[in-house]
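Sharing a structure with you now.
Chain IDs A, B, C, D, E and F follow the sequence of writing; residue 1 opens each chain.
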Amino acid sequence: MNDVLKKPRKVYVTRTVEFNAAHRLHNPDFSDDQNREIYGKCGNAHGHGHNYELEITVSGIVDRATGFLLDMKELKKILEQEITTRFDHKHLNFDVKELRDTVPSTEILAVIVWDILTDALQHYINKEITLHEVKIHETRKNSVSYLGE
Amino acid sequence: MNDVLKKPRKVYVTRTVEFNAAHRLHNPDFSDDQNREIYGKCGNAHGHGHNYELEITVSGIVDRATGFLLDMKELKKILEQEITTRFDHKHLNFDVKELRDTVPSTEILAVIVWDILTDALQHYINKEITLHEVKIHETRKNSVSYLGE
Amino acid sequence: MNDVLKKPRKVYVTRTVEFNAAHRLHNPDFSDDQNREIYGKCGNAHGHGHNYELEITVSGIVDRATGFLLDMKELKKILEQEITTRFDHKHLNFDVKELRDTVPSTEILAVIVWDILTDALQHYINKEITLHEVKIHETRKNSVSYLGE
Amino acid sequence: MNDVLKKPRKVYVTRTVEFNAAHRLHNPDFSDDQNREIYGKCGNAHGHGHNYELEITVSGIVDRATGFLLDMKELKKILEQEITTRFDHKHLNFDVKELRDTVPSTEILAVIVWDILTDALQHYINKEITLHEVKIHETRKNSVSYLGE
Amino acid sequence: MNDVLKKPRKVYVTRTVEFNAAHRLHNPDFSDDQNREIYGKCGNAHGHGHNYELEITVSGIVDRATGFLLDMKELKKILEQEITTRFDHKHLNFDVKELRDTVPSTEILAVIVWDILTDALQHYINKEITLHEVKIHETRKNSVSYLGE
Amino acid sequence: MNDVLKKPRKVYVTRTVEFNAAHRLHNPDFSDDQNREIYGKCGNAHGHGHNYELEITVSGIVDRATGFLLDMKELKKILEQEITTRFDHKHLNFDVKELRDTVPSTEILAVIVWDILTDALQHYINKEITLHEVKIHETRKNSVSYLGE
């Protein structure tokens, strides 16, 4: 079976997850004027919110026996535990410990999701799977990618 | 010009607008247990949020001279003033006077947008334009329509 | 709370569900030539498949206390039990008892989903909720709606 | 076969077609100032363009033998001949005879497509198929529907 | 003409194609328990199916005379012959010779499409066009890329 | 604040903009037959048009104080001035000086947008922000990327 895999083949597998969250962009180290200047309407005191859509990409050599890079059920479980449970239906400024002392911009969110998933993949998956990219769509028009650079 | 309009033609014109907002589903008249039972994770104390997408549909007879149902620039201005300014980058429970004493569910949001736009269309547009439907997509999977019934 | 609902308000709530299934369009009452003529490549002996996307719309008066038409958790449970479990990751011609003696076209699928959900809504939901529309997207280009007519 | 169709079932089948065209909104009966006031940037002398997306919906009773409302291959052929050939990769103001003495707004386009398809369906399809709706998306934000009213 | 191309410019051109197919994930070398453990509901005996969406990306220097990387009509013909004809409205396990002794996972599908198109591009296109990426979306949530590594 | 940024983090920020334009693919240096052979229906004398969708990606190190790569309001202003004003509601062959002596293919459009934005970013943004990619979707099926290679 799967002779096409006699030669090692490196693929990139992307799984999309969504969460719905509130956030407020505000830096207590800045003056009110600076906050207004920098964050504009994103600094609204009670926050606003988004349907965040994350594309999580992992890479590695396809397993010759299964034809899979990795068990998607495992990846889904990790994303459920590490992303959905942590961020979904939350106010990012108050409810997520990893974001406490940050301005929860999409840039910082992408970096933190990367750090969380790098740890989680090492812990749960005993194979040569590498996190390749975390891409977060905040709206249909804005997105941020982090590749660990 | 536009002889195809000698016969009156009734069309439905839909304009899509988006706003990003936080909300919390919570009814102070309910006990904590009732709130938890009814609203689940949507009752999170600090709220969560969405990219709301609204499809606003108006109907009427196409104007024979212009070939338009209505001046889209006017409709865009009304939606900017009445929808975007009111709801975008807001926490619906705190920042929107029309939603103060409500549970800001998508159902109630659709009804309130209908009431606001019915007034606004009568005020700004001196033609036989009727609001036909307000459809709000809260997520890619959930939407609510209100047609004034 | 929710004074905007003093007047009864009828809304339409749509929930989208997806399932991935194989099917083959073939009528044993037809000759081979007729089958080829009518079903073309959709009659391929081992079947082909689709990511079916269903928009299920129910309607009724918004509940004044909760601000909801119905408990979305309940609707999700019904759709899980009655749609996903029955159709997802199945070959419609072999694995779904309701489709046994049919040509599993999108038209017939829409009608059968309507019949299943009409029963299920009566059974599970003790309120005045009416099934309004079952719309099935077979591909990005083809869809079928059934409204019980 | 298809006993579920013993009772007549009326369905709505939608087929999506796309065409890429240029147009200019300009009425020679208006003064330059009026044209500028009414059509704004849409009146640019050489025109601009869109990827038009049309949802064509026909309705009728599902055929008990085939399980289809109509032969989709036939509908595709009609849409190819009557819509794609006529409008795709054209400048609507110059290249489409039916639009010659019109302002090719989306409203007028929807009406003209309706008139063309009503004729074509009567001519090609010898069954009780009714054109139900022509919906044209001009951009992701603007669309117009015509239902023959 | 096209002086902007005096300097060689390397671009990446992506063409999207879709096919609708059935597949079953099952490895005869595994025990029933292993198959159940590894492939879960994807191992359903008669298969299930998907609307597969492929993004095929080729790269090279833009031709200074035509302004194109390559003749898109040629690329469309190759994709029609090599992808659509081979995979559309097929059961991947039975009807596609290249997939016979494989588990037709999206990973393996991406690798095989890469191998097929690498050959086809060399055969049909006498220019310096390189296949850059094959990306297959199996569902809205899962995709796999192969870049020949 | 933002201790997660103590280590420099390089991100890629993508902003999507759209414009609606007409174009005609035609090279006066070619014979009529060559033009017909090469550009087919894209050579229609009066042109045709598209809803162009551009994904503009810039990269750099996230600012530790603001949590942003750059001020999105600034990027939006640049894109408004340099892209929307130049291309939206225009006929690319007649109305855009940068495209005058070109065949306005998507390939050339991507290259020219790259050149324009490279200049503009240097001029307006006094930070280490690099243009990473210009990706233009001409239709849902065709897109071109240019990365400055």
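Throughout what follows, contacts are C-beta pairs under 8 Å (C-beta built on N, C-alpha and C of every residue); 3 or more make two chains touch, one makes a residue touch a chain.
No experiment lies behind these values; they were computed from the predicted model shown.
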Self-check item: Partner chains shared by chain B and chain D (touch criterion as defined above)
Solution: C
Quiz item: If you walk touching chains, what's the least steps from chain A to chain F?
Solution: 1
Practice problem: Tell me whether chain E and chain F, two copies of the same sequence, contact each other through the same residue numbers or different ones, using over half shared as the line for same. | Solution: different
Practice problem: Averaged over CA atoms, how far is the centre of chain A from the centre of chain C? Could you give it in whole Å? | Solution: 33
Quiz item: chain B: which residues touch two or more other chains?
Solution: 140
Quiz item: In graph terms, nodes being chains and edges touches, is this line, ring, star, complete or other?
Solution: other
Self-check item: Interchain contacts, given as pairs of chains that touch
Solution: A-B, A-E, A-F, B-C, B-D, C-D, C-E, D-F, E-F
Exercise. Show which residues of chain C lie in contact with chain B when the two form their complex.
Key: 1-5, 9-17, 62, 65-69, 71-73
Exercise. Could you please specify the touching residues of chain B with respect to chain C in the complex?
Key: 25, 27-30, 38, 40, 101-105, 107-108, 110-112, 115, 140-147, 149
Quiz item: Residues of chain E touching chain C in their complex?
Solution: 18, 20-23, 41-42, 44-51, 88-91, 93-95, 139-140
